[in-house]
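Right, I'll just put the structure down here and ask away after.
Going in written order, the chains are labelled A, B, C, D and E, and every chain counts its residues from 1.
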Amino acid sequence: MTVVLEVKNLQIAFGGVKAVDGLSFSVDAKEIIAVIGPNGAGKTSAFNCITGFYKPSSGAVLLYGQNITGKRPADIAAAGVSRTFQNLRLFPDLTVLDNVRAGMHLYGGQNWLDAILHTPRFKRSEAAYTEEAHHWLDFVGYSGARGVPIRNLSYGQQKHVEIARALARKSGLLLLDEPAAGLNYTEKRDLLDLCQRIRELGTAIVLIEHDMGLVMELSERIVVMNFGKEIADGTPAEVKANPAVIEAYLGKDDDEEVSARGDA
Amino acid sequence: MIQLIWDGLFVGSFYALIALGYSMVYGIIKLLNFAHGDIYMLGAFIGFAVLTSVGGIPASLSIGALLVVMLVSMLLTGTAGVLIERLAYRPLRGAPRLAVLITAVGVSFSLEYGISALAGPNPRAFPIRLEGNVFVLLGARISLPQIILMLIAAMLMVLLNFYVEKTSTGRAMRAISLDRNASLLMGINVNQVISRTFFIGSALAGAAGVMAGAYYGKIDFLMGFIIGLKAFTAAVIGGIGNIKGAMLGGLVLGFVEAFGAEWFGGQWRDVFAFAVLILFLTLRPTGILGQRVTERV
Amino acid sequence: MAMLEFDNVAVYYGKVQALRGISLTVEEGEIVALLGNNGAGKTTTLSTASGLVKSHSGRVSFNGTDITKAMPWNVVGAGLIHVPEGRRIFSTMTVLENLLLGGYLVKDRALVAKRIATVYELLPLLAERSTQQGGTLSGGEQQMLAIGRALIAGPKMLMLDEPSMGLAPLIVARVMQVISEIRDQGTTVLLVEQNARAALKVTDRAYVIDGGTTTIEGRAVDLLGDSRIIDAYLGA
Amino acid sequence: MSENVDTTLAPRTTRPPASPISRLFESKQLGWIALAIALLIPLLIATPYSLNVMTTAAIFVLLASGLNIVVGYCGLLDLGYIAFMAVGAYTAGIIAKAFDLPLIFTIPAVIIMTVLAGLIIGAPTLRLRSDYLAIVTLGFGEITRITANNLSITGGPSGIFGIPGLLKIGDFDLQEPAVFYYVTVLVVAAFVLAAARLGKSRLGRAWRFVREDEDAAEAMGIHTYKVKLMAYIFGAVWGGFGGILFAAHLSAVSPQSFVFLQSALVLMAVVLGGMGNMRGVVIGALVISLLPELLRDLSTYRYLVFGLLLVVVMVFRPQGFWPARGYEPERMGDVSDRRLAKGTVR
Amino acid sequence: GGLLGGGGNGGDSTGDSGPIKLGMVIPISGSSAPTGAYMKNGAQLAVDEINKAGGVLGRQLELDVEDEACDAQQSVAGANKAVSNGVVISVGGYCSGATLPEIPIFQKANIPMIIPAANSQDLVNQGAKNVFMINGTGKQQSTAALAFIKKQKFATVALVDDNTSYSKDINTETKSQIEADGAVKVVLSTSVTAGESDYSSVVRDIMGAKPALVYWTGYYQEGGLIINQLKNAGFAGQIMVADGSVDPSLAQIAGAGADGVYATMTQTPDTLKGAEDWIASYKKAFNSDPGPYSTQSYDAVRLAAEAIKQAKSTDGAAIITALEAIDGFQMFSGPLKFTAEHTLSSGGFVILVIKDGKFSLEDDLS
């Protein structure tokens, strides 16, 4: 198994708050890993450190063994990390298709001179962009209008577009920050299915999620954080039974909040 | 040297007073109100009209008369600001920000050439002129009118700062600037608060206009243009949208200009001032007091 | 008399019709849930009540007064408070300032202070963070703040748009508990939730919105056993 | 945007699908029709005045199309855009006069100088957001003008006069007003077309991504710095060519032509026309440059009326005359906007 | 005619019937607008008088005023408009910077220019055959200034301009003449930015340099402020201003300190004997006092009429020949005879002084 991502002893603090305080985990190819933990545990901050939006104060992030710690987001993205955001970060005035095309920026295929001269190369690459965009929208099961600006979409629709955009990046690692938030039961089932199909593309997934049903069913391993620290790392079954995790996060009455239950 | 600092401080307080209105309006509706300098001009002309219609004023009364005229002018420019917002800016709520900016330029043209059509394009000598004892302090010549004007300016600024920082209307202003729809859900009458902001900002500019008329002695229909740009600059140096920053920015700009003129000669003063500004902003991209918005991703 | 009543309300965004005749009632003291797929029109329904969105036709009334055309601040003044989707915390203001803004229309300062104290009791996490900037709170912390902020206004009725979104399981339970506590203290609640199972546990009645119209209505206990609901929103 | 929210509550632009008329307007042929009209007009009215005004308007269109790259596409508020035209005009004027060269031969030098100017102005502004950027660009504009006013190589406040024409071969002089008008229109049309094409390319999309959300753009692997610099450079080159035409047209360059107001007017053209949409911007530029001329006979009331008209127009058309539509065909080769936001995801 | 109508009625006044059109491109908007109004009135007065007396060549005169806002681009449009409207001669020109690019346009259209006010040396340097200047040039003004400075034995001089071409022109010219002469010392030569209110920095510089005379070469708006601020700062030396500052408002703006301020200026109606009637008729026509360049504009029109009369034609070349031949035509600045450069033989500069807020003749430098 090749190791895709390795996070070693990551730390970052804001003022007095140690948002991430010594996080370490690694992700193998095609693996799906969940990061869970109470609100404010530092999950999103960890994502931000990995993707270069925050500069970690110490620790290292290795992608395919190559150190990417502290590089700027665009370089990390180019190195092969793709992500979605907890609060949607789409381009609201642009069309659905353009939003997905954003994920294909690194494909290249044309330069500005091609564009000005409308060379055949340019036309070919534009056609390819559009075709790919439709492909990824179909892949995530998006059935809404595609030529309209993102603003006109409901929240759930936007979530799908964001995933399509991230997939269009075709990178080996996908970080999803709470993809199921705001989705109802049926939609979560679709998401589950989608993640499995993504894995089949050869992409490893790290997802932050609060929906335990989804997490338990989907992930091979779960990293649990609390107050920036890692309090557990193991299989779903191990984590579920871990008293510290129950205490800090799950609560005793574990099936209460699970809307997408494992046995569904 | 002391003279230099004093002169910079004095001009700077004019900049600051106008920058305040700029910054307030910017803070709340993110509008670079290019017509703001023209409100200052309007204030001066209202003062002029009031004074000439009253007729001769005994020189001894000039400070008192000035204060009264200033109040009248503040009231009227404030109202003008509210009207302009109503008619020209409010219909553009929710429109792209630059659209409002262009409207503001249109308003600026209208004010300038409207006054020029009404009062003629000639510069006018202001009917009262603040003249007073000059004394020398640490080698700098300082005049009584300068001190009085700076006191008035400082007082207005302190009041305003209190209003914005400590009252609930002030808090509402800041809230609107952050998220207008969420402010609506707090029960904030957004229209009313914006109107108030325009009133206050414009009244301050009006006060500055009267003060400038009385101190410098000349007013004309284009007098707001350059100082408007300066105030804009000052507001940005201070951290646009930030009230204290605007005051500070005004004073800093006054100093930088004074030193620029001293070191490089009058013709290079603005080049120096802008170069300093650019350099400064590259080092501190959000101005002196502007919040470094740690964007959460 | 119903506390909140929608009578055949239609809403357009430009030429897109989002609501195609919503009718519903919420009685005083009830917790009513609104369920529905993404894009069904739940958020639009709440926004219409709070005056953020203007309806095309139909009528909305609150406590017997017609608020169809009321301005948002008048709706708030009447005691109908909307906690919006996505929390919408004032990001560069402190937690305390956010709470104070919740009490913007309350002229009695002592009352505001008292309510803040109550909120701090109810949601102790906020007390700890009272001087932190709202924008730097974690998602769950922000949701607490949004609810707390709404309570400072002293609402007669609270409309919550997906309050459990992004919250940890323990907190979801806590939020639902807080919602029942709020109701027990006399505040009526209209709750939009994707987490139907959690929502139906605390609600009295629920409506399902589909394609901009209210399709199913019933008591929560009944709906929990309704196959249409189970298939679409609960899972077996 | 730092808002910690989704966009559901934010004011949205909801534009209906294209009506048949606007579809006609958006057709590919429109540009050619406009060009044909521009080329035919002199056959109807060819007074020195109308030629002069139309030439000025055409140059203004070029400027607006350049600024549209910076502001409309990339969202960088530039209040000192006229500086690029100044750099172009002075470079061309100085070189042409010093070596008594037709202006056409100064093109390489102008490109070099404007690219440099784009880099110099772009580099320090890259970290700045929106309005801080505005003041810095305004500052650069003023620095450029005042420097030109104070240096002797630029002719000081009087500027440079008697600049040679674009090109003269025997009896054929491009400077002949009607000929010059045609040359200008063709050059401008080429630049406008190029700018419009850039807008619809990978680079053009990258500009828009940066405009909408820099962080998200970075996450897509887009180097926001590089992309913004490209916008400045293209804008600068467009401005530089505007400068050459300007110098040729007036045969004179002086600092008063590059005051802040000029930058504001170009910006006005872009916004009034419809940011980001090249066709709209062309119309905006024509309106902004022709309107004051049409109002010339009002003499003293000219700018009062101009100002009021601006306000009224903006109030009634806040998006500009012809904004970027924000829609595209649903499928390739599909002209209609099928299935408007009706479909829900499930 | 508007933008589109320009061609329709243009051209015919060069024919033999209808009114003869005089073009006048001057600032109607912008910060120089006040002077534009004075000039327009002065010209209109002459047109009316001439028309009342039967016109020229049996035809009436008509003034075509175009705005240039002191901006090159606008003046080019204005000049082209005038050409399209069929003017046979131009009698405008206030801002040198805006007037310069008009020259090739009028030249190409074979239209002579009588420039009443603009007087930068650059205008002369163009060497255009069709340009005639009836205001003294910058060089002549500097010469007059130096003559007066030496006469009054001012040992040290500070030169201040406003960074416009006209103003800087006089500053540099005066400076080089003074330096060439050697008797007087220039202790400061600097610029300010026009359009502001606070000139404390230049005041500081002047106070530091302690000149016996300050020569302000810009316009009256800023001139008034600088005089006032200098006096408030306790400046004890003398102040002199150039012709751009000669305006009744100068003294009003400068306030109490204005008395005793000198000016280099061509004769104005106020200082001319026998101009009272003229002032009265101006007042009657426009209900206001004449201002700077009202007289020159008036003279420009009269001169144009005279030249057309002499040429017996409205053809440009004929008018130019007639203008070159004119000798002894009476103007406010005295009898006219153009030099080979088409400028006044003597600038006609005199020194005025402000007394009780009014300019009066101090020294005719003869």
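Heads up, the rule we're going with is that contacts are C-beta pairs under 8 Å (C-beta built on N, C-alpha and C of every residue); 3 or more make two chains touch, one makes a residue touch a chain.
Here is each chain with its UniProt name: A, C = ABC transporter ATP-binding protein; B, D = Branched-chain amino acid ABC transporter permease.
Because the structure is a prediction, the values reported are computed rather than measured.
Chains making contact with chain A as well as with chain B: C, D. Between chain D and chain E, the least number of touching-chain steps is 1.
Farthest chain from chain B (centres taken as the mean of C-alpha atoms): A.
Of all the chains, the one whose CA centre sits at the greatest distance from that of chain D is C.
Two chain pairs, B-C and A-C, are compared here, and A-C has more C-beta pairs in contact (counted per touch definition above).
Chain B and chain E have Cα centroids separated by 36 Å.
Averaging C-alpha coordinates per chain places the centre of chain C 47 Å away from that of chain D.
In whole angstrom, the spacing between the mean C-alpha positions of chain A and chain D is 40. Chain B and chain D have Cα centroids separated by 31 Å. For chain C, residues touching at least two other chains, in rising order: 13, 16, 37-40, 43, 52, 84-86, 88-89, 91, 135-136. Listed for chain B are residues 113, 116, 121, 179, 181-182, 267, 270, 293-294, 296-297, each touching two or more other chains.
Each of residues 14, 44, 53, 85, 87, 89, 144, 152-157, 186-187 in chain A touches at least two other chains. Contacts from chain B toward chain C in the complex involve residues 168, 171-172, 174-175, 178-179, 181-190, 291, 293-294, 296.
Touching chain C in their complex are the following residues of chain A: 14, 36-41, 44, 86-87, 144, 152-157, 159, 178, 181-187, 189, 210, 212, 249-251, 253-254, 256-261, 263-264.
By the touch criterion stated above, chain D contacts chain E in their complex at residues 45-53, 56, 149-150, 156-159, 161-162, 249-252, 254, 256-257, 290, 293-294, 296-297, 299-300, 302-303.
Remark: chain D residues 3-8, 10, 12-14, 194, 197-198, 200-206, 208-209, 212-213, 215-224, 230, 234, 326-332, 337-346 touch chain A in the complex.
For chain E in complex with chain D, the residues that touch the partner chain are 2-4, 6-7, 10, 28-29, 33, 65-67, 70-73, 76-78, 80-85, 96-98, 100-101, 104-105, 109, 120, 122, 126, 163-165, 167-169, 191.
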